[in-house]
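Presented sequentially are two complexes of subunit A, the first with subunit B as partner and the second with subunit C.
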Partner chain A sequence: MPSLGADMDAGTIVEWRVGPGDTVKRGDIVAVVATDKADIDVEVFESGVVEELLVPVGIKVPVGTPLARLGTLARAGATAAPVTVAAAAAPAGHPAAPPPAAPVVAVGATHSPLVRRLADRMHVDVTHLAGTGPGGAVTRTDVERAGARHRASPRARRLAREAGVDLGALTGSGPGGAVVGADVLAARPPSPPATGAPDRTASMRQAIARQMARSAREIPHYHLAVDVDMSAATAWLTAANEQRTVAERLLPAALLLKATALAAAAVPGFNGWCEDETYRPADGVHLATIVSLRGGGLVAPVIHDAAALSVDEVMAALRDLVQRARSGHLRAGDVSGASLTVTNLGDLGVDSVHGVIHPPQVALVGFGRAADRPWVVDGAVVARAVVTVTLAADHRVSDGMQGARFLDAVARHLQRPEGC
Partner chain B sequence: MTALADAPTTVRCTYRDAVREAIREAMQRDPRVFLMGEDVGMYGGCFAVSRGLLDEFGPERIRDTPLSESAFVGAGIGAAVAGMRPIVEIMTVNFSLLALDQIMNNAATLLHMSGGQFAVPVVIRMTTGAGRQLAAQHSHSLEGWYAHIPGITVLAPATLEDARGMLWTALEDPDPVLVFENGALYNMEGELATDAGPVDIATARVRRGGTDVSLITYGGMLPRTLEAAEALAAEGVSAEVVDLRVLRPLDDATIIGSVVKTHRAVVVDEGWRSGSLSAEVSARITEQAFWDLDAPVARVCSAEVPMPYAKHLEEAALPQVPSILAAAREVLGG
Partner chain C sequence: MDHRAVILEVIGRVAPDVELAAVAPNDDLREQLELDSMDYLTIVTMVCERTGIEIPEGDYSRIATLDDFVAYVDAKAA
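So, the complex of A and B:
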């Protein structure tokens, strides 16, 4: 179970996209995991053959739990080494739990005539079995266990169908190791999804509550704000969009994100994580941007290494993430590893945001709406589109002076958008 | 002494005594009732069931017959059609085959063949089962064959209450009823309420409640199945024991209700396995409770051999407590 966010302790498989015997290649979506916040597509980071799904649909397991066993056939006929599907594509420096160690088991090295005959009779493929005998040899018990895995009582099948439990992933306690009703009942999620989708709104609310309460409890916030004249940025965007198709057009949000990323890269103390009173700066700016979901709640998909991307690339990444967040197809890497969060409430008519930091991050940048306000230019009052940029920062890590420098950097980038 | 008057009054008696009491009560209650069969009068019955009844009711109503099953079963059928309420005793089920034509082609069909004009309210009792070293011509359990025949009711009393109470209800039935008394039960002793009376002949009965496995049996196998359930309880397995009581028509609701609760079934039948009553019960469970099963239905039946005379071979041929336990453990996954 990959960590799909610093606050994630456990996740639930809502769908397997692959099954035993399927060949997968690096990057394939193999499963969909429900976190408190969203359904997230999990990618596989090794190519190979799925040998066994270890966690059935509907079961909540802690982060780090192996989800499936994957055989990587290095050379034809050679011993395959199973790896654990652990899709935590955490960027370097991500503070989440380390990926679980893949159990190394020799597979199908040797098997006796007895084992071959039994395997043949039980329709078990010995070449894909992990042997528990001497030197990794496949034993009769291994074959029986593998054969029994596919056996389930009628009642077990009915219950599994009703509860959406994957029988193949259960260990049977019935005759000959068959899966029986009690096994399914034990594996069934506490609240069977009888009424359709689980009530994610409530669990998401709880997750946000936990996270924000922790923030208020642990992080000594300070807040700074600066008003930024957006006329240069607006003019630049208008000119840039004239040369772009509708699909490629830049939105102001892309520029705001890019300016924030550049500032975070330049001014230390706002891009990283603070845990156990120790600050660890991030390599690269992994910018989380808050996306509110239809039906309530929010997710914070991440644009990785945003400072290194062009504005167009930031725009493309943003468009992709928002679209997938709202359609429920975020992947593991999309929601993990954020080192700084940006929230933009301007669309909702808010003038300024006094944010709450998302622990273990150390800062949150807020943008209000770009509103025409009286603005003094060369001693005269003129109407200008002005945005209030705010910074909520962790006083354990940075001070007001650094915060001021950070906001100044954001403002300067917005006034010289051609440099973004 | 009022406390004594309120106490439940029971009498210690055998299964044989209970059957005799049932016959006696029927004779007393209804003058149309009479008993006939081989050696039921002077000899008191081959299994001593009717001992004393000749003296009490006289040769008109306790009638010895020639050794001719077809003739006296046919006479009983005729008497029933003519308005009497005969109890016909056949010595053992093996000999009933001589009367199978009367039972199958007359008793079971007359109501149908006469367009509903002639009912056949006959009761035919016979001994069934092994375990007494009576060898291959006196020991078989062929009640399952009779349970195949539409038009008759087939009973298998396995308790003192049923031995005492089924007969009167059977006599009240306007259609033929066959009562199979397992010979191994005649000496079974226990407490029977002094006011024990008629019982229903339509339902199966749960003799011991349980949650893990249903042991479904009847007749002579009931005591040892209960013994097996007790042994299973010592292993932490809660076995439910269903006594079929009525072999035809089967009480599906009780059988299926038990299996739906326990998800596992073992049918214990003294008959042979192939084409048997146990096969019928197993099939009904599969038909009606398939999606509630956690294991294939198991059967414990007699070995498919003529019943041996030698004691150790006879015991080996019959279902015993260890074989019931083994089957139960198998369906439980042990």
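So, the complex of A and C:
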């Protein structure tokens, strides 16, 4: 079970997209995992053949629990060495998430062709057997014993796999005491709700409550704000969008995120994680952006390495993440590794937001709406689109002076949008 | 092409929880459906893709309600 965000300690498989025997490629979506906040598509980070699903649908397991066993793609009949495969989790290089690698252990199949043929005939899965032969090899006797214990029809085996029923525990009603499909169906546990448990709103509320209470308890916040004249940024966006088709159009949010990422890369102390009173700066700026869900609650998908992206790339990433967040198709990498969070409440009409930091991060940047306000230019009062940018920061890591430099850097980038 | 049906279908995709039959034709779409700027841009993008028209950013004020949106697309696609 991969860690899908710093606040996650357990998850539930709501769907397996693969089954035993399926070949998977690195990056394939193999399962859908429900956290308290959302259903997340989980990718596999190694290629191979699925040998066994270890956690059935509907069971909640702690982060770090192996979910499945993968075999490496060895030549048929060859002896494959046992391999440990990293599970789908946060991409490497984003140490924010707690130990992400829920190992999927691949076992080697050590058995002769003769044994394999016998196993096929008796419908015994040799990958599940503990061998008693030399070097742990599965012998003919092992297979025969297992076959006698687990005499079951192919349909019964398939149903048992799907339902997570242990065949060995069943009494067969078929010929010679073989377990048949009906036996498995009778033993099947009541099926859990298919997806997104109905109490998702409540569980999301609880998850947010836990994280925010921890923040208030552990992080000595300080808050700064600055008003920024957005006329240069707005003019630049309008001109840029005139040249573009609607599919390529930029939103102000893309510029705000990019300006924040550049400031975080330049001014130290706001981009990283504080755990056990120790601050660890992040390698890149992995910007989480708060997406409010219409049913209530929020998710915070991550734009990785945002400072290294162009405004267009930030916009494309944002579009993609928001759409997938709304449709329930965020992937594991989308929700892990955040080193700084941005909240943009401008659309809701608020002037400013004094945020709560998401631990173990050390800062949160907030944008209110860009509204026309009186602004002094060259000694005269004029109407300008002004946005209030706020910083909530961790006083264990930074001081107000640094915070002021950070906000000043954001403001300067917004004055020169062409450089963003 | 029935542009009202196209627009409603797109709204349904972007905001799946909206009851389309209840959309008030003369109320501001963003306000009544609680669409943020990203939702709105996605709706405009998908309507453009499906109808083959372009909607410049400066025209957003002319497509604020469902009836206005339909009339705008009807005129542009004609």
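Definition applied: the second predicted complex is superposed on the first by the 305 of 420 C-alpha atoms of A that agree within 3 Å, B and C clash if a C-alpha of one lies under 4 Å from a C-alpha of the other, contacts with A are read in each partner's own complex, and residues count from 1 in each chain.
In this text, a residue touches a chain if its C-beta (ideal position, glycine included) is under 8 Å from a C-beta of that chain, and two chains touch if they have at least 3 such contacts.
Note that the structure is a prediction, hence the values are computed from the model and not measured.
When the two structures are aligned on the shared chain, A:G181 is found in touch with subunit B, with no touch to subunit C.
Legend: residue contacts after superposition of the two complexes on their common chain; A:A156 is shown touching subunit B, with no touch to subunit C. Contacts of A:A247 after superposition: subunit C is touched, whereas subunit B is not reached. Legend: residue contacts after superposition of the two complexes on their common chain; A:P220 is shown touching neither subunit B nor subunit C.
When the two complexes are overlaid on their common chain A, residue A:G379 makes contact with neither subunit B nor subunit C. Look at A:R319: by the touch rule set out above, it reaches subunit C but stays clear of subunit B. Of the two partners subunit B and subunit C, more subunit A residues are in touch with C. Of the two partner chains placed around the shared chain by superposition, neither subunit B nor subunit C is touched by A:G349.
On subunit A, the patch touched by subunit B and the patch touched by subunit C do not overlap at any residue.
For subunit A in complex with subunit C, the touching residues are 238, 241-242, 245-247, 249, 251-253, 292, 294-295, 318-319, 322-323, 326-327, 347-348. Across the complex, subunit A meets subunit B through its residues 153-158, 172-178, 180-182.
Chain contact summary for the complex, subunit C toward subunit A: residues 14-17, 34, 36-39, 41-42, 44-45, 48-49, 54-58.
By the touch criterion stated above, subunit B contacts subunit A in their complex at residues 263, 290-296, 330-333.
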